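Labels for the chains are A, B and C, by order of writing; each one numbers its residues from 1.
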Amino acid sequence: MNKNSSNIMALAPNTSNKRETVCIFGTGDFGRALGHKMIQSGYRVVFGSRNPQTSSLIPKDAEVLSHAEAAQKAAIIIIAIQRQHYNFLIPLAEILHGKVLVDVSNNLKINEYPESNAEYLAQLVPGAKVVKAFNTVSAWALQSGTLDASRQVFVCGDDMKAKQMVMDIVRALGLTPSDQGSLLAAQEIENYPLQLFPMWKFPILFSLGLTAFFFFYCLIRDVIYPYVYENTDFSFFIAISIPNRICPVLALILLALVYLPGVLAAIIQLYRGTKYHRFPDWLDKWMLCRKQLGLVALAFASLHVLYTLVIPIRYFVRWKMSSQIISQALNNKTAPLNNTYAWLSDSYVALGILGYFLFVLLGITSLPSVSNNVNWREFRFVQSKLGYVTLILCTAHTLVYGGNRFLSPSSYRWYLPNAYMLSLIVPCIVLVVKFVLIFPCLDKPLTRIRQGWERNPQYSE
Amino acid sequence: MNKNSSNIMALAPNTSNKRETVCIFGTGDFGRALGHKMIQSGYRVVFGSRNPQTSSLIPKDAEVLSHAEAAQKAAIIIIAIQRQHYNFLIPLAEILHGKVLVDVSNNLKINEYPESNAEYLAQLVPGAKVVKAFNTVSAWALQSGTLDASRQVFVCGDDMKAKQMVMDIVRALGLTPSDQGSLLAAQEIENYPLQLFPMWKFPILFSLGLTAFFFFYCLIRDVIYPYVYENTDFSFFIAISIPNRICPVLALILLALVYLPGVLAAIIQLYRGTKYHRFPDWLDKWMLCRKQLGLVALAFASLHVLYTLVIPIRYFVRWKMSSQIISQALNNKTAPLNNTYAWLSDSYVALGILGYFLFVLLGITSLPSVSNNVNWREFRFVQSKLGYVTLILCTAHTLVYGGNRFLSPSSYRWYLPNAYMLSLIVPCIVLVVKFVLIFPCLDKPLTRIRQGWERNPQYSE
Amino acid sequence: MNKNSSNIMALAPNTSNKRETVCIFGTGDFGRALGHKMIQSGYRVVFGSRNPQTSSLIPKDAEVLSHAEAAQKAAIIIIAIQRQHYNFLIPLAEILHGKVLVDVSNNLKINEYPESNAEYLAQLVPGAKVVKAFNTVSAWALQSGTLDASRQVFVCGDDMKAKQMVMDIVRALGLTPSDQGSLLAAQEIENYPLQLFPMWKFPILFSLGLTAFFFFYCLIRDVIYPYVYENTDFSFFIAISIPNRICPVLALILLALVYLPGVLAAIIQLYRGTKYHRFPDWLDKWMLCRKQLGLVALAFASLHVLYTLVIPIRYFVRWKMSSQIISQALNNKTAPLNNTYAWLSDSYVALGILGYFLFVLLGITSLPSVSNNVNWREFRFVQSKLGYVTLILCTAHTLVYGGNRFLSPSSYRWYLPNAYMLSLIVPCIVLVVKFVLIFPCLDKPLTRIRQGWERNPQYSE
């Protein structure tokens, strides 16, 4: 029943005796785990080892022979050995001639060696057909069956047929092979499992820095200032009120920073009169992490929405409201409906809702499976057109929220303006410059430059 | 570091001298961009041009030769030239014999020519192996490295080996090849980048039309009517109150319209007694855009949720509540808890929450990566069973919201019923007809018809 | 226009006369539907039938011949016949020699026969190249064109070239072929369309059971108890208040149950001193459905969020609040701000928001398209590190919500503690044990065991 209750294409145990023999060099943890899984999937497995004696660790249905003997029993040999021991294969070159060698190794650091382990193996045993595979799967995952992340196995190799054979094994083990082309791709495949969200590092560190800055900024304005001047303890603002000031500020700034590099690139291209000169390195890197910046901004916006929606549930808010009502009732007076307030309040909330709604749409379109299903024109339409509309709505949301408080002196405590005022600087700059760039006198030459036209051809590399 | 910090499988620059030579005919923008990217990925690039002189625009590591000379240097020739100039290739037919010609061209309009550019190319140079590829990638994206949307490259061709060679180049450039089969697929591949959400046009235009209608409808009832009769200015209702009437109405109507065509199709099939007669064209088109209709409905439902949850934050609502409380306090009276109201209020909210929750589940299942992982039986279960439960819950939500106001004359202003009453028409029809169709006397023949049985065989085409 | 308005890669009708001939054995519903679709896509179709007479049901452009005549007209023969009639093919073996036979059959039960239908077919006609395909597509879907779920066609077969031919047909019909390797995969492919969310059964049934238990538990405490002792009718609590007690309780318990098996596995491994002994079966199954358990927990958490956010909109809550304010106003007293309450209220809400936010992040990462784009290291970081932070935040949210009510006797009605107290048992156990396991004296041996080290080698199988 285990088989049926799994949602993967695992193979039935009753196909055991139909599969070919596979040889595994090396009886370390990964070799044994792979061997175990292969036996489960119906392969005959022969281990090649320096000390060919069946230890209790080896799966009991497997044979253990010397390297040379084991290699002769199979057409496919999995090299589950560390790179530094590869040279023991040189004397076996004759036996390995024409065999498919599967390199499953990983390194400890990115780009540790000048050439990939698989290419090194191909140099050592020139007569063999080397295929890189399985390095993205962990031994623990293979044995425990919890293969949620690592179902994808990157395969590359120069020999089409050898690659096909390895991909069939991958499928038989219930994994998904992904053909990455020739052995030249091996270096990237070996670097892949060592990465830890490389594209996210900068956006997350940057936003953490900004968060820290605005946290202390708001702490001074909203907690320390009233404590010093009014001797009231609003320290509990740290839990919700201050986060709910920081989140919208960061969401707006980060969203504007997604569109700033595009605007800068346009200015640089207009100034240079060509698109064939490379952008400065920082701009290139910035442009490459725009998606991540945008998603971090969306995370802050979502937190802002949650923090805002819980406002009426908070004890402090309910307390404040009931004391106001009671004092009004005791003073026997009722305030009439202020139409301007009603307009301001409703329109800033409505702008925020629409902005957030479009922001979520942008986020959904950046999901890999969705963005793979739209073409370039559609992607540009969503990320550029809809993106600018989102930025305009969110900026307007903040401006209307400010209302007529921008000029009121009570908004400045110790000469510090409200945090939301600071957050408006970058988006306003982006929107103004973008607005200028839309004018035909600038848009036309820019379009021509992006189609390959050059003002001063000597600029190009 | 650029390489490691990127999340794509790009190839290292140090593999430069290992790749084969590729020839590019045409030194236009796309040809140069592709050449540039190929040189970065380690290929030798030779341009073929009418004026074989290295201009400053050409990547500096590339050679520029005449077409004939360039073609002889490579096994793969990329034709980066517009279709109308293809006939210059006819005199080169002998040199191009056996070569792989990669057609990268696009047209300006969908189905501009009777045959695809790639098929036209294959007719012109019958001895060559034509492969269609790269047309979905933009030159700008290739150069700027921002390949978020266009990572997928559709490849088709009649020669398997030629296709493999091109797919290897695609992978080497850090893109994802997608094999689309033989050259017959070229027309679709050429049409693909010209589309702009073709399936979304009708649902979006239709819902915009409905939105406009209900906006003016509510404007008359909720703003103009009180202004005329009570001389009160509720113009600020435009920001939140009226959108929050329109959104649920549209969500419900559109959701019902997702299930209406299925019901109509069943009636037509029962009437005709066969499934082998084609449906009318409008029904076919309607059925094809049900997913999009449903997602637009979900968008309106989400807006409705947001607009509803901000209600207690709005100034107008807080003002109204406090004036009510104050007037009660001043009149020294407290209303007792009305159990019926409590039941109505809580159950309409609860129905809405459950309906929205299932609606979001339906939306998640329609994400491409999720729906690719369910089989037909599971998809039908979710989209049909769960979908009808959602429709029932949302209709019940609206009915309970109405409560006993349906018959109250105050709900009719200028003889116009409340908008939510109008929204109930379509879903109620769908649910009633579906309920009738579930009866065995109708369900049994319908099931048999859908399995291929026919009442009057003469009907079939 | 039908073609352009579709977002699939369907082929144009004007390519009709370019395709090869395909033979279909069997004129049943699926055979006719497939034939119809193939004719639309430009293939010539010949039906093979016991009674070779064109019936009105057969698509009118197709020929109907005897089996032997039809087979001779095409290189590909689709066997659209039920398995029990396959033996009529034995006398045709000579004609079928070298042909590609496509097995499209499905069974009625999972693992109905010892070998798959396709393998059985290959045994019956050893000279033919058998390919399994099309079994995941329904006839109804083929004809109506509503192929949302079933676009993916699993293909397997031992002959590479035959498989390629079939995959080209799949693509030509606008479907996506997915190569599943050799014919050994046929059994899994045949089982696939019969499944109905096999991995979800246990988590959903389990949580329904728990829901029922907590529903009656809360019913007794919150509705029956006040009815008996205070004679007040709170039956309307069934709509929102009680669901909003059940949902957080279930979300927390299920989330803790996601991490419990990992902790149990660590204890078992530490006790045994090896990882090479299999876990008990129930633990294996439990570990395989952790993702589903987590997603059900997320569903309950989302419902909890919605139920909580609508609190201020409920009639009962507004009534209670205004009666409190009015009674305060009439008694001419105002409560001062209680700083401890403000801290408790704000921090429990803030913890809940942050916990839910991380929970949603975990949910997004488990979307197939997202988890396919992260490597094993990244997936472990998110699901393990972030997962535990989520569990800690949610547990803290519940603890702070309890505040100082844990010891108050009013929390115990009929000796029954509040439901949230029960919900804390499992998460607290998981967190305490996990905390103990982090200590170096336990973490070090565990890490070594997971890398393959063994304390008592005799334990291994």
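The criterion applied here is as follows: contacts are C-beta pairs under 8 Å (C-beta built on N, C-alpha and C of every residue); 3 or more make two chains touch, one makes a residue touch a chain.
Please read these numbers as outputs of a predicted model, since none were measured by experiment.
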{"item": "Angle of rotation relating chain B to chain C [CA atoms, steps of 5 degrees]", "value": "120"}
{"item": "Interface sides of chain A and chain B: same vs different residues, half threshold", "value": "different"}
{"item": "Distance between the centres, which are taken as Cα means, of chain B and chain A, whole angstrom", "value": "23"}
{"item": "Interface hub residues of chain C, defined as touching at least two other chains", "value": "7, 192, 195, 309, 312, 325, 329, 367-370, 372-373"}
{"item": "Footprint of chain B on chain A - complex, ascending", "value": "7, 110-111, 114, 154, 160, 179-182, 184-185, 187-189, 191-192, 195, 198-199, 201, 265, 275-276, 284-285, 287-288, 290-291, 305, 308-309, 311-312, 321, 324-325, 328-329, 332, 334-335, 337-339, 341-347, 349-350, 353, 356-357, 360-361, 366-381, 383, 450-452, 454, 457-458, 460-461"}
{"item": "Contacting residues of chain B [partner chain A, same complex]", "value": "2, 4-7, 9-12, 14-15, 18-19, 28-29, 32, 42, 55-57, 59-60, 136-141, 143-146, 148-152, 164, 167-168, 171-172, 192-197, 233, 235-237, 239-241, 243, 299, 302-303, 306-307, 309-310, 312-316, 318-319, 322-323, 325-327, 329-330, 367-370, 372-373"}
